[in-house]
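Right, I'll just put the structure down here and ask away after.
We just call them A, B, C and D in the order they show up, numbering each chain from 1.
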Amino acid sequence: MHSPQIKKLIDLFSEFPTVGQRTAARFVFYLLNLSKEEVQEITSEILKLKEKVKICQACFKSFEPSLNDQDLKLCEICRDATRKKDLLCVVEKETDLMPIEKTRKYRGLYFILGGTVSVLKKEGLKKLRIKELLIRAKNPAIKEIIIALNSTTEGEATALYLERHLKPLNIKTTRLGRGLPLGAELEYADEETLSSALEGRK
Amino acid sequence: MHSPQIKKLIDLFSEFPTVGQRTAARFVFYLLNLSKEEVQEITSEILKLKEKVKICQACFKSFEPSLNDQDLKLCEICRDATRKKDLLCVVEKETDLMPIEKTRKYRGLYFILGGTVSVLKKEGLKKLRIKELLIRAKNPAIKEIIIALNSTTEGEATALYLERHLKPLNIKTTRLGRGLPLGAELEYADEETLSSALEGRK
Amino acid sequence: MHSPQIKKLIDLFSEFPTVGQRTAARFVFYLLNLSKEEVQEITSEILKLKEKVKICQACFKSFEPSLNDQDLKLCEICRDATRKKDLLCVVEKETDLMPIEKTRKYRGLYFILGGTVSVLKKEGLKKLRIKELLIRAKNPAIKEIIIALNSTTEGEATALYLERHLKPLNIKTTRLGRGLPLGAELEYADEETLSSALEGRK
Amino acid sequence: MHSPQIKKLIDLFSEFPTVGQRTAARFVFYLLNLSKEEVQEITSEILKLKEKVKICQACFKSFEPSLNDQDLKLCEICRDATRKKDLLCVVEKETDLMPIEKTRKYRGLYFILGGTVSVLKKEGLKKLRIKELLIRAKNPAIKEIIIALNSTTEGEATALYLERHLKPLNIKTTRLGRGLPLGAELEYADEETLSSALEGRK
């Protein structure tokens, strides 16, 4: 029903995270109602993103070097001399790093894994930076690797997978503590969460 | 916390319908993880959209003329000789036109109003194509205008507003029938809907 | 884990509409925390319900005759001389009758069917008052039977079933009108509802 | 619209936890459709509940003594010689005790507080068994009191209140550990929960 060009763009927007066909169509009609200048601003900013923003070679976080620093290979966290070099926190994706930074409780370094892997779909493994993580973990400065993945089935499966691969390195690995989150009611808490909350009482 | 270029693009994506800051950030990181070629495909398709897709001068629907038809002013529905010229269906936005076409019950023409207006925020009026609708409605071929707006408070207020402006033209205006939708339970139906369902029984 | 008496009562409360085991347990602990007098008030009012409230022999609605009217067989609606005797509205259950009364648009009589029947579970048929409805429908005063069931799959299947059984009586049967309910958005309307809304425009 | 007896019972059922007027009406019509014998079974079981089930004088949990044990003052948990006497777990209500038992990780004793208190509505304090808790806490066998309340605003306010009152007794008090529950995603975790999850890593 949509014209070929609209259909083409709906398909591209449908690949964006959280976007389905219906929302993608709304994006296209939104763009159609913008002026030519407004649309050009969007496309030019998207292109500038790829030029200006680099990926840190140590932790794979994005960062934007200033104009006279275009040779920088490391992000602002990896370059920060005040951060502890003995703690490495592995997160799934860059948006998971921000809530940890916001707690202001963590002063170590990060490693962005690039995804999680479900038990069933093993092909997801390819996009994970396992090899890069193992190289990084061999750095003798690192004393503990915190596996900070979602406590979902996929996150758990990935954590187990990481632990198995990190084990031969003889490095201490930890996981985020389980317990009752803010706002939780005992009556609806699952047994595993409640067990952890009881053990971790303080 | 985000770099300036990322921040800039998050702000632009936040203007997209249904998109908030968090989703906008996910879009930016999605783009960052694409290859340069993939990103260029997206921006080039967005730019092509504005070049290839035109807005119908009669109904304001988008359409994509073929290469040797670049002078076309009317969309495929307005040009379709088999469509009834005496029925005009006013919808709020282009995505509202599609479900009506899918019913295969309507064979008349359309008019895309461009928005609705709330009782409180009168400034919304400016983006509505009232003047264009009045010109169109004066076409003597048109015998009935179906006001097919949402039955929300905004849709109702806009329908009343249209009816008031169309009245001097002495043209028949109708609204979509009220009643129980598929899957509804009497116990939870509001009085107005149930009244209409009783009156419209058949 | 619960004591036998608590378990027994949880099972009885679990049979109440909308109540599961967890809510049933909360009811039991609520009762345990009431005083003996408060609990006795509840049980005595439940027993009085069965004594005082009768079921109308014509429409099967509940009604409460006054002390000197204990021989009454008909509810206040069936006895109301101002109600139209030529319209009979079939509803699934007594709670469906109230929203229709609240519209103040219907002045005919009712018939409470006692349930709906799913296509799959034919045993549900037994609790339906089909035989009683057929007897009632043969009353020559009745000119139209409005089948006012939910527009759910079960309601639709039951309506079809009623229509098939009423057909030999040669009496006009109607169903509630379909259309957009109050507050609906075109974009999310299903095709059948939208078709009816277009046909039923006015 | 409902008859007086039905109205009366709807009001009584509306006092049950989680029940509103609409659900209460459904309960009444459910009872009306039961046979006299079925209704009498319900009322007789409710009355037996108050006779058979007692409230433990130590922890305020309900329990059901056998016929030849009618003088029992303590529930089966408080009488269980294998339970640790040095741990006391304070919960809000009896339904909160069950999920803790189900973890099979806790072998101490309980105390049912009888409610929580919001910061704003101080009158809620009256129904709390504060005095009884203080008496219980003075038992020298008890070495630690675990305040196992919901991590909601009300639960937190009540926990603070309890800690303030228990402080003069010089007894160790702990709270359930905070952390990520099963199935949680970092991106949606609040800062406090994530801080606790980081600190409690293992």
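Here is the rule we go by: a contact is a pair of C-beta atoms (placed from the backbone, for glycine too) under 8 Å apart; a residue touches a chain by one contact, two chains touch by 3 or more.
On a predicted model such as this, the values are computed, not experimentally measured, just so you know.
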item: For subunit A and subunit D, chains touching each; value: none
item: Which of B-C and A-B has more C-beta contact pairs; value: B-C
item: Where subunit B and subunit D are represented by their mean Cα positions, the distance between them in whole Å; value: 53
item: Chain centre separation in whole Å, for subunit B relative to subunit A (CA means); value: 37
item: Whole-Å gap between the CA centroids of subunit B and subunit C; value: 40
item: Set of subunit B residues in contact with two or more other chains; value: 22, 95, 187
item: Arrangement of touching chains [line / ring / star / complete / other]; value: ring
item: List of subunit D residues in touch with subunit C within their complex; value: 1, 3-6, 8-9, 12, 16-18, 22-23, 25-33, 36, 39-43, 45-50, 52-53, 55, 62-64, 93-95, 98, 101
item: Residue numbers on subunit B that touch subunit C, as the complex places them; value: 91-92, 95-96, 99-100, 102-103, 105-106, 146, 148-152, 174-187, 189-202
